[in-house]
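Each structure below is given as structure tokens.
In what follows, chain A forms one complex with chain B and a second complex with chain C.
Up next, the complex of A and B:
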């Protein structure tokens, strides 16, 4: 079976972006986008767990009985989250601190279970790893982008670098809980707007091609030519 | 247990540190099951019940079994299994003893296992320092099981409060003419934004 990596990549990052299109894993998205760095850290942790759990589940997909697959998936995910947590606590204590309670909550992040159920339990190891990687990248990108916007408007800095004096211009609203909901809502709406614009352009392009083809058909007067044109 | 601390636990869990709108736990059911008030209320009651039971079971298991054995790092795996088992048992018990309640609550129960509010409360109550700050205890060592269960109960009620308010708002919003890109999740998020603003006032008092 040949794996279509281009489709997996496009699906994960754009067409079915877990954060902006599928609206999964909303809790960390809302809580950890106060700063771009937090979003990046959370995204990296989720990506790691997603790749590992996808690979292991895909390896074991013929061994795990269908009736107990959900508990088995949860156990696998919980194991990798524990590993991530211990590693982060040891190597990057700053990020461990800032992720706080949301790090153990990766276990119940719907993205990971959804990918395990809908992709890894049906596909090969390499394809599952790729799916985990690109879904993770899509999640990380969305979180980092939202974090950057909220950090920039809320505290006039980006990735912790102060750009201008926060007392001159900053909107505290974007740093608060209400701002998180607002930013997320606007992001989903903008994403849907952009994708529909893109789709319309594509449609217009194919419509133009169709028109050209029709013109060709009209100029070709004989029946034989018509057949070729089709 | 001190009466004042009990009172501050209630107010903190219900309003100031409301699970949904200020700690962002349990957002998935908050957005997914809030289309009408009746099902929102059912979900809220089911979550409250499971959260209270979870605190009642996970807190002693962590403090009296995992900590003495030095197995704290296993907490995530142990907790998620306890929650899954509790939910499964409630489902079976309800099916056997109260079919009417099962019909009303049954469909929400499987969803609760993967609700981050439940695992969140289990993780939160074992963090004594953070809990002492949240419920207004003078000293982290005063934290005990009674407060943990109380916090679980009121955090669940706070979740119910938020999801019921949200469902009321969404029922109204559904009748308005809205741009097609804003329909569904985006407008729900913006409605949640206003609820969060309202709850933010409690933190200022």
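Up next, the complex of A and C:
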């Protein structure tokens, strides 16, 4: 069976973006997007866990009995989350500190469980790994962008680099929980708008009005095709 | 032709008043004028600039939103009903005169676009736009909004911009009271706002009362409801103060009622038709609840909470409307028959 990597990539990043289209994993999205770096760190951690758990679950998909699949998935995910936690604590203690409770909570992150349930338990190892990678990229992109916007407006910096004096102008609303919901809503709305515009543009392209001469050629060629078909 | 007029066929209501939303909102604007004038007299031209900017940005943001919604300019002018004007005025009146000029602009845009237009425009908003705009500004620009209150001075109008005023910056009387400092203002001072620091429109209570009486006479608002709000706030504040001090402290009624944004909130913000209950009993419950919350939260947090309380109350209105409903005409209440089950 040939794996359609292009479809997996498009699905993960755009058409079923876990954060903006499927609205999964909202808890870390709302809580951790106060800064772009937090979003990136969380995204990277989730991506790593997603790829590994997807691969392992895909490998074991014929071994795990159907009745106990959810506990088995959670066990596998928890293993990788523990690895991520210990590694982050050792190598990047700053990010470990700022992610706080949300790092161990990746275990119950719905994106990972949903991908395990709906993709990894039905597809091959390489496809599952690709799915995990692109879903993770979609999640990371959404979180980093949201974090960047909220950090820029809320504390006048981006990736920790101070752009102007925050005490002179910054909208504290975007740093607060209410601002998280607001930013998330605006992002979902803009994302839907962009994807609908993109779809409409595609449609308009495929039904271009033909000029006289072109129309004749077109009808002639379709007639030929018909005859060939017959 | 005359017979055609007699044969007019329509569904109820058959008798309509000529009053429209536009008329009501113009009345509210007129009622706010005394407060606007007193604000400019007390705080100088900077207050006037803040008010003008706030109103202009409110009206403009509504217009731009409608333009994006592909309405024509003619339609927009036709359906313009001064609600955005009222929102802009209320936002400007509920901020201090020391506030930077961008604050009312952002607050107005947030109030009009996010709170009002995204929910469907006038009459469909879930919460009061002006209150939410003020809360947005307050939690966003805490450092510039909650400090450096200017005390009004009559001479400031002659002195031009705020730079030439000799400002007596510091806490408002409410903050002083809450922090336990001795207030040196007489009741008359509090009523007129002389020498008191505060927001542009909230300082002179007398102007707000004049505006409220105008609204009550024009039957735009029912004066009983805001009166309940103010009275309950005062009474609960007296009880709380008496309990904390261990003795009866009747005087604390006046600073609790006459300081902070209670009058502006009670008369002009909480009475918004869209965001207050439909029934009489519901309204009494709503305004009493606002009063209790205001007094208790002021006492507990030590900051001015009127706008936050009104925002919270607005969100409770659908619940109040769900549980307190009028008996429909021609119906009787069904008595609960418990005995039958037992027997």
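Everything below uses one rule, namely that the second predicted complex is superposed on the first by the 209 of 230 C-alpha atoms of A that agree within 3 Å, B and C clash if a C-alpha of one lies under 4 Å from a C-alpha of the other, contacts with A are read in each partner's own complex, and residues count from 1 in each chain.
The working rule: a residue touches a chain if its C-beta (ideal position, glycine included) is under 8 Å from a C-beta of that chain, and two chains touch if they have at least 3 such contacts.
Note that the structure is a prediction, hence the values are computed from the model and not measured.
Engineer: Return first, second, both or neither, reflecting whether A:169 touches chain B, chain C, both chains, or no partner chain.
Structural biologist: In the superposition, A:169 touches chain C alone.
Engineer: Contacts for A:182 in the overlay, against chain B (first) and chain C (second): which applies, first, second, both or neither?
Structural biologist: After superposition on chain A, A:182 lies in contact with both partners, chain B and chain C.
Engineer: Give one of first, second, both or neither to describe whether A:110 is in contact with chain B, with chain C, with both, or with none.
Structural biologist: It touches chain B, and chain C stays clear.
Engineer: Touching chain B and also chain C: which chain A residues?
Structural biologist: 176, 178, 182.
Engineer: Applying the document's contact rule, which stretches of chain C touch chain A when the two form their complex?
Structural biologist: Listed in rising order, the residues are 102, 106, 114, 136, 139-143.
Engineer: Show which residues of chain A lie in contact with chain C when the two form their complex.
Structural biologist: 167, 169-174, 176, 178, 182
Engineer: Once bound in the complex, which stretches of chain A touch chain B?
Structural biologist: Touch list, chain A to chain B: 23-24, 26-28, 30-31, 71, 74-75, 78-79, 81-82, 85-86, 101, 104-105, 107-110, 113, 176-182, 184-186, 188-190, 192-193, 196.
Engineer: Considering only the defined contacts, which chain B positions touch chain A in the complex?
Structural biologist: 21-28, 31, 73-77, 80-81, 84, 113-116, 119-120, 123-124, 127, 179, 181-182, 185-190, 192-194, 196-197, 199-200
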